[in-house]
Structures are given as structure tokens and as C-alpha cells.
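Letters A, B and C mark the chains as written, and numbering starts fresh at 1 in each.
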Amino acid sequence: MIVFLSDFQNSEYAGIVKGVIARILRKENKKPEIIDLTHGIERFNIKQAAYVLYSAHKFFPHGSVFLGVVDPGVGTERKGIVLRSDEYYFIGPNNGIFSLIDFKHAYEINENKVAELSGLGVSTTFHARDIFAPVACFVELHIPMERFSDEISVDKVVKIISEPVIKKEGGMHIIEGEIIACDAFGNIITNIKARNIKKFAEFGKIIDLQINEKLKLRFLPSYGYAKKGEVLCLINSAEHFEIACREGSAKDMLKIKGEEKIIITFEK
Amino acid sequence: MIVFLSDFQNSEYAGIVKGVIARILRKENKKPEIIDLTHGIERFNIKQAAYVLYSAHKFFPHGSVFLGVVDPGVGTERKGIVLRSDEYYFIGPNNGIFSLIDFKHAYEINENKVAELSGLGVSTTFHARDIFAPVACFVELHIPMERFSDEISVDKVVKIISEPVIKKEGGMHIIEGEIIACDAFGNIITNIKARNIKKFAEFGKIIDLQINEKLKLRFLPSYGYAKKGEVLCLINSAEHFEIACREGSAKDMLKIKGEEKIIITFEK
Amino acid sequence: MIVFLSDFQNSEYAGIVKGVIARILRKENKKPEIIDLTHGIERFNIKQAAYVLYSAHKFFPHGSVFLGVVDPGVGTERKGIVLRSDEYYFIGPNNGIFSLIDFKHAYEINENKVAELSGLGVSTTFHARDIFAPVACFVELHIPMERFSDEISVDKVVKIISEPVIKKEGGMHIIEGEIIACDAFGNIITNIKARNIKKFAEFGKIIDLQINEKLKLRFLPSYGYAKKGEVLCLINSAEHFEIACREGSAKDMLKIKGEEKIIITFEK
């Protein structure tokens, strides 16, 4: 099964990639099985794509092949990669899109070998179609990796999202994190995880935090516990700390641009 | 076949739900077959979802399992339900989303039993993934209903859309209805049905009606019979009375908010 | 395999059409295989649909059946058609949507025969569901064309996109073309092809052109070679001459409406 994420929005580009996949797999008598994870990633927002791939991948069948394409550098020097974990494969540009994936092996795609093996040309503007879709098919067909890629050191895989910093200061516990992404509903997702928060906070309490301005928000189990229009904080379904607004957009209400720092302070 | 409707727009949430379905069905050696009905329901617009499920479901293969998720109350007291008609199943929150479905049996989902049977955890914010997707699989796999739900009286299923009222007054026939939804193109859909209208009106005639302001609109067989930019009324493809604008948005032109009353008056 | 393009955006209309296809094919014990090419064609933009069908179709498996529905004239006199090339079928309204397809045979759909064969009614507003989806199934099931259509002369197929004009004037080479469409990212696509341009221009050079105003743009191999925000020109992945803006919208920057002329001038 191939699982496809991109920032192609509702354009034809996602459809064409699926056409290429169907064509290659059918030639080998394999029925294409493709699930669109989403094509609604904000244009060129690699961090958002990284978060979505991370939070979503473990719900898919073992053996799934993730095709992740958010690729502002298409046609330039950046290389394509394949990552392998115990249970999944990930294919896309080496630009940080797999920052949050826990993988064991990394391979750099050899574009010439891909073109030779696929029999397709390679444009400079549409590698999802010309490079990544064929590679996804090769992996799905269990073609040996060395026929289209070279194993590289795992350190060569680009990472662009940091871990939160947790420290004690003047009798306070302080968590310094960053905003990774806002989802389609204006929920603000941070790099702070449930386990970072849960030792300090309980549902129903007020949390003191700062993003641009200082805020005091209720920490609640779910959106539905807040009043309509209330900005709240919660642990989201990917076990990350999130700021949301019931039936509204927290992103708009707090004027979030997308890469702000967040500082949470707990009295001891 | 599972048919999936939500208000998840182009976010990753629909993709994750499909991942869960694929994972559960494949474990039982069943190929997942999923059709997206739409994920473009206006955020939290339960009435619009109810109309779309009603107008669409009868075009799908018998035996289809409809997963309908527009769920502002997720994580609170509201319960999940399964409805069964002679030909279809419907799964979602009991909040009015199935108001227009003609069903025979109703079952309340037991979340603990679902979690046990699926082996998945249950978050407070994403029941489409944690509860409704597994239940759709159980139904698709013909697992007996009592293993994850309890039959309830059909009266317990929440309804939020009324029937139009038809009356005679001072020698006039009057139909009082309401707007159920506007579609993606600004067409205004009412709860008035073809059979309510057709005894009083013929194509080509002017219809007198009131929504906010008084209007005189041509009643035409199709959009293409109107002039560009003309507001017209017609019987839509779901056999409902609709107000539209050729190559424009009737919703914007008449400044419709979404739950207005409509009064149609026919001289005798 | 049925490949589906429309201007239905994220509405339920595409989902309903897929339901009809699944229903008809399953009755004949054929598993439906449907790929959405895109439903994001700008509402009623037949030229954009024509370009997308043309640039995308050759990436799909041979034998694919393309269902293309952008149909402002639905319910009026315009007829439905089926086109056949050596490798593909195309089904939709005869309004120019297949202007760029190179086909061998054309058939006019007989709506009465379709209704009889499908056993479905025919609305005046939703021929994608009532006519084109059944016809796509008939073709997919290899039902003889004469059972639901009549062969017509290939000249009867409506064409709405012209070829560029190339001429010499005062020692200059001049190419006069037109804008066909803008894609979801604001890239401006013209009817000028790579082969029209490549004898006069090399990557890295400045090209003189006029759309509304006079412009001097770098001709580059790919978006990534331009500076952020630079308007450039390039050969796109469908081998057409395109004007783009790196990480921006050329359409917005040049205030393009969509059907402007473009004149390119090369010093000899």
C-alpha cells in the first residue's frame, strides 16, 4: 500500500502521480492500492508535513510505503531519499520532511538508475511524477534497493525540528518549545509532548504560557469541554500539546505566523 | 464498501481514518474499499451533512456502510450510533447527522467494547479514528452488533430537520419551509420536495417566494435555461426545491446565512 | 480503470458519481478502480480542463477511461460524446473539454439508450451522475458502442484552443500565443510548446515577452533556479511554455485574468 502526502492541494498533480503508480504496478500485474493521506499541506511547509507524517504513519498497515512530497527545491541539488524503519518505508526529498520519523536505514536515490529502470524521462520540475512515484513502485514491488539507490549514513538525513527544553528556574518548571504547525482548523500544534506536560498539569487547571503575549488557558480533555469561542489547551490525538479554540481558529485569534516559540511556566 | 463523509476538509484526518480502516480489514484478509463521499461539509454543519447523506446514499451499492462524521461534541456525553435500513448501514455520532435517513434499527455504540475488540486506544478528540472507523470495519466484517453495541429504540435517534408545512389561506396555497444547506456552488437547498411543489407550479412560470426579502423567480428545468447571473428556482437532482444562480452564487446574492425560513405563495 | 476530472471541487457530487460507478460495475462483478485526476478545475473553466486532460492522460495505464465533466450547459442542447484514441477513451460533454486530445473515433451519446441500459432516471442538472458515469461503466465493461451511442464525424467535436502563430518580422522571430490556464499555484500556462521555443532560447538567457505589459524574464530549467519571488519562464512538465514565480503566484503578480494573448520576441 502506498500512502501519499503532498502540498499539491486540489490540483491535478496528485492525480498524475497516481496515474504513474497505477501504470508501473499494473505492468507487473500488481493492483495499485493508494491512500491519500492529505494533499492539503500548506504550500512549501516542510515542518507541517513532517508533523503530519509522524502523527499519522503508525495508524497505517505495516509495510506501507509513504510518499511525502513538499519540495520547494525540486530540480536543484537536493537529493531524494528512502528511509526504512522496522515497519514502514518513506520516500521523498531530503529536506527535513522526515525530521520526526524514527528510522533505521537511509538510502540516497540515484536519479539516472531510476530513469533507466522506469523507462520514463525526468523533468526538472516534477520529481514526484518522474522520480518519487517510480521509486515508491520499486519499493512496493520489492526490487532490491541497490538497483536504484545507495545506502548512506543516517546522519545525512536532514532534520529541521528541535526537541523542547525543560528546566528549573527560581522554583519554577519551565518548558521552552516551538510551534511546529497549525492544522486546517487553526489548531496550534507544538513540539511539546504529553509526557513533558502531564507530570506538571491536570485537566481543569489553568496553564500559564507565552506565545507572543502572555496567556492563561484552561487545560481540558477535549474541545467539547470548552465554551464556544474559548481558547483552551489540550493533549491532541497525536499526544502533542496543542492550543485550540472551540468552534473557532486559535491560529487566527492569537495571530500565529507558524514558527513562534512557546514558553510554559509551572509554579512548583 | 465503506463510504466516508466528514467536515475534515483537506486535512490529514480523513487520511488517518482510512489508514485505520485499511489496517483492521487487512488483518482479516479483506481488501479495503473506501469511497470518499465528501470531506467538504462546512465545519460543524450537521444539517448540511444530513442532507448530503440523504441525497447521496441511494446511489451507492446495496450493503454500503456509511461513515458520517461531523462531530462538534466529540469527547463529551454524546453517544455514537449505528443505524440499519434494508439496504445500508450508517455510523456516526447521535447528533442529528442521520435526520433524513429512513432506517429500521438503531444501536448505541459501546466505546469500551470497541476499544477491546479493536485493541486501539481511545482519544478524547478523534473518535472518527478511534471509535467510528473500527465500528465501520466490524460492520463490514459482519461481526455481530451485540459485540460492540446495544440496540436502542428508534426514537432515541436525534432529528434536527423539520418537514415543510402546507396550508390554504385566503384562497392561496402557502408552503412554509426552511433552508437546510447551501452547496459548494452557493445553491440554496430547502426542505421542500418536488412533490410539494409540482401540483402548483409548471416550468417557465414565475414563483412568488420570501426568504428575508420578497422574490419573484423563474421556475426552470435546469441552470442552463436561465440567463447568466439570473437567480432561478428549480427541482434539484435530489428532488428538492432549490434556489440557484446561473454561473454564480445564489447564497451570496441573497445574503443567506443558512437556517432562514422560506415561504412560497401560490394564487389558486 | 476510470480516471475522473471535474470542477466539483470538494462537494459531494464527485462522491455520488463514484457511487454510481461502483454500483453498476459491481452488478457485473467487476471491482471499480477509479482515480481522481482532480476536481479542482476552476468552476466552468473548460480550457483549463482541456489542458489538464491533455497533459495528464498519457501517464495513465493504456485502456484507461477518462471521465471529464466541466459542463455549464448541462440540461440544454449540448450533447455528450465518447472519443477513442489508440490507447484511451474520453467521455464528457461536447463543449471543447477534449480540444487538445488526439483521437481517432467520435461517438455521440444517445441519452435514451443510456437510461434504458442503466435503468436509472435522467435529471436535467446532473448528467455526470445520470449519463456520463453509466457510459464510463459501459465502456469499461466493453459493451458495444452502438448500444448507447452513434459514431459521428471527428469534425463535429468542438475545439476551443488555437495553435500558436510563429512568424518573422523585421529580422525578429515572433511567437504569438495565448494563455490557456493558470494552475493552483498561479503558474501561467500558454499554448506555446517546448519545440516552438527551444530553437530560439537557451536556459539562463533573458526572454522578451508581452502579456498586458512588456516583460524581460529569465528562462530557467526549474523554479528552484530563480530567486524567491522572482518571476521566471520555463518549460513545464507537460512541455509547455510557462510563466511562474518562485514560491509565489505569477498569476497574481501579473494580474492575469486567464485568456490574455502572449507575444514573445527573439532578436535574430
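In the analysis below, a residue touches a chain if its C-beta (ideal position, glycine included) is under 8 Å from a C-beta of that chain, and two chains touch if they have at least 3 such contacts.
Everything quoted here is computed from the prediction, not taken from an experiment.
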item	value
Rotation in the CA alignment of chain A with chain B, degrees, nearest 5	120
Homomeric contact chain A-chain C: same or different residue positions, threshold half	different
Geometric centre distance via CA averages, chain C-chain A, whole Å	32
Shared-contact residues (touching 2 or more other chains) in chain C	9-10
Residues of chain C that touch chain B when the two form their complex	8-12, 14-16, 18-20, 22-23, 26, 31-32, 43-44, 72-76, 123-126, 129-130
Complex contact set, residues of chain B against chain C	1, 3, 5, 9-10, 33, 35-40, 52, 55-56, 59-61, 64, 183-185, 221-225, 234, 236-237, 247
